[in-house]
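This report refers to the structure that appears directly beneath it.
Labels for the chains are A, B, C and D, by order of writing; each one numbers its residues from 1.
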Amino acid sequence: MASSPPSRDTAALRDRIQALLDRSGLMQHLGAKLGDVSSGRAHVHLPFSPALTQHLGLFHAGATSAIADAAGSFAAMTQAPDGHTVLSVEFKINLLAPAQGESLEAVGQVIRKGRTLTIVQVDVFALNAGRKTPIALMQQTIINVPERQP
Amino acid sequence: MASSPPSRDTAALRDRIQALLDRSGLMQHLGAKLGDVSSGRAHVHLPFSPALTQHLGLFHAGATSAIADAAGSFAAMTQAPDGHTVLSVEFKINLLAPAQGESLEAVGQVIRKGRTLTIVQVDVFALNAGRKTPIALMQQTIINVPERQP
Amino acid sequence: MASSPPSRDTAALRDRIQALLDRSGLMQHLGAKLGDVSSGRAHVHLPFSPALTQHLGLFHAGATSAIADAAGSFAAMTQAPDGHTVLSVEFKINLLAPAQGESLEAVGQVIRKGRTLTIVQVDVFALNAGRKTPIALMQQTIINVPERQP
Amino acid sequence: MASSPPSRDTAALRDRIQALLDRSGLMQHLGAKLGDVSSGRAHVHLPFSPALTQHLGLFHAGATSAIADAAGSFAAMTQAPDGHTVLSVEFKINLLAPAQGESLEAVGQVIRKGRTLTIVQVDVFALNAGRKTPIALMQQTIINVPERQP
């Protein structure tokens, strides 16, 4: 990942996903950043901020699930047909451990790509003093929808 | 709801939940507001802002699920034993329709209260030009945990 | 429900769903029976048998979810377009209380009917000495698929 | 797995889980068989039978989820404290592909072991003419409960 330059296609894929994130008001507002992107896979990072917490000062489950939903949607988007965008149909998330640390990382990965629906799995980790702990696990169903013309 | 003043208990319950929301950085950051609260039930409102959108300009599923998670947790909290707080174990949300309008309203309701776990259902509505449309449905599992002493 | 004869349409609907159940080897093998059927709604009954239990002698979660899945699919099928059948995309079930009694009753109800996907909610009750207790709650996503020609 | 005899502990674990399956009426009735068992992991096999089908002749989602629920519960049981048994709190299953073949295999694996709750992931495969295809993916929440004395 670090040693060779990304292929043209990977760069194009990344631009496509970065554009999605840039157009998402919520991702900007939360401070989410795009990480690695490849076909069927996308990483989203979320640095800690007091603006992301629940009542005990940990990352709020709403923040965790927002970036998990985004990472899953981006993973699906890397394989969506031309002229299509993606929408979340549903997701289920288990919160495995206290979400505490300098940042969260959500890794979305396509499990099954159908014509209409894509099934994605998302792992979320907390990064804390050099340790990476799994803090959430999501299963998500995504639908391809034709992009409306402007 | 509107005609008679809330009982002392309802007022105390509301204060307890309002304090939870006030201490949640994410709820403040998103602009969420507490609505009606009663035993086993809590409403959370989220006025529209460009800071809450996905790439098509609708409310982001992450915003929808954040207030749904909060409304469900608040509903469970109204029935949590003294000296306990609540944490989300997991939830599953179906996004039923485009989340579009002046605001969202999430209504959490306790379905089953056990000693350790509480099962909650949350309906989310979009309010648009006087119409109220269901846009999401959540099932959530909540755990009671002892509050740590300061 | 009991006082007036079902309309022609309701009878046709019921026949359509009964045919589905009759062609399901699993429903026969478990002893499931069709209850009331109307547009967007279907009931499935499951009389107790030692062949349906888990290790403590209660109804197995697998039996509960099998009839919940069936009731939800049947509810969706009542509104499927002509020439289409339905398949479960995914479901999530909370087991609310010990599933104990003379029979279970699963009640599937369409929450949102889209062109491709239907979202269904299913309540499951245990009937025990005249009492009806909620024992499970399901959210389910169903897809309409064209029926293959014979 | 094949080359060395199982350790005493693995054999004891397997006996404990086999006893659970033997006491489950539903698992017997469906024809489910225990496969490999190790700490945090359990396999359940389900040979095809017309008694396990839905209306199109494929394995019914109810059969798939019954063995997935069992494999997940067994995986959790391998790590349950002494004197405790396990119950499913909830699960969510995505049906990835038509469940077609000579048998199904469900592989449950503990993702997170807490004091009270265990989170499990279950993969289900169809075995068809020597090919193994993923057909379902489950996330499951399990609770440890004290075994009642006889």
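As a convention for this text, contacts are C-beta pairs under 8 Å (C-beta built on N, C-alpha and C of every residue); 3 or more make two chains touch, one makes a residue touch a chain.
Please read all numbers here as calculations on a predicted model, not as lab measurements.
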item	value
Taking each chain's C-alpha mean as its centre, the one farthest from chain A	C
Chain centre separation (chain A, chain B; CA means) in Å	23
Whole-Å gap between the CA centroids of chain A and chain C	35
Length of the line joining the C-alpha centres of chain B and chain C, rounded to whole Å	30
Residue list for chain C, restricted to those that touch at least two other chains	89-90, 92, 94, 119, 139, 141
Graph class of chain-chain contacts, one of line, ring, star, complete, other	complete
Touch list for chain B against partner chain A, complex	20, 23-30, 49-56, 60-63, 65-67, 69-70, 85, 87-95
Of all residues in chain B, those that touch chain D in their complex	89-90, 92, 116-117, 119, 139, 141, 143
Complex interface listing, chain B residues touching chain C	92, 94, 96-97, 111-112, 119, 121, 134, 137, 139, 141
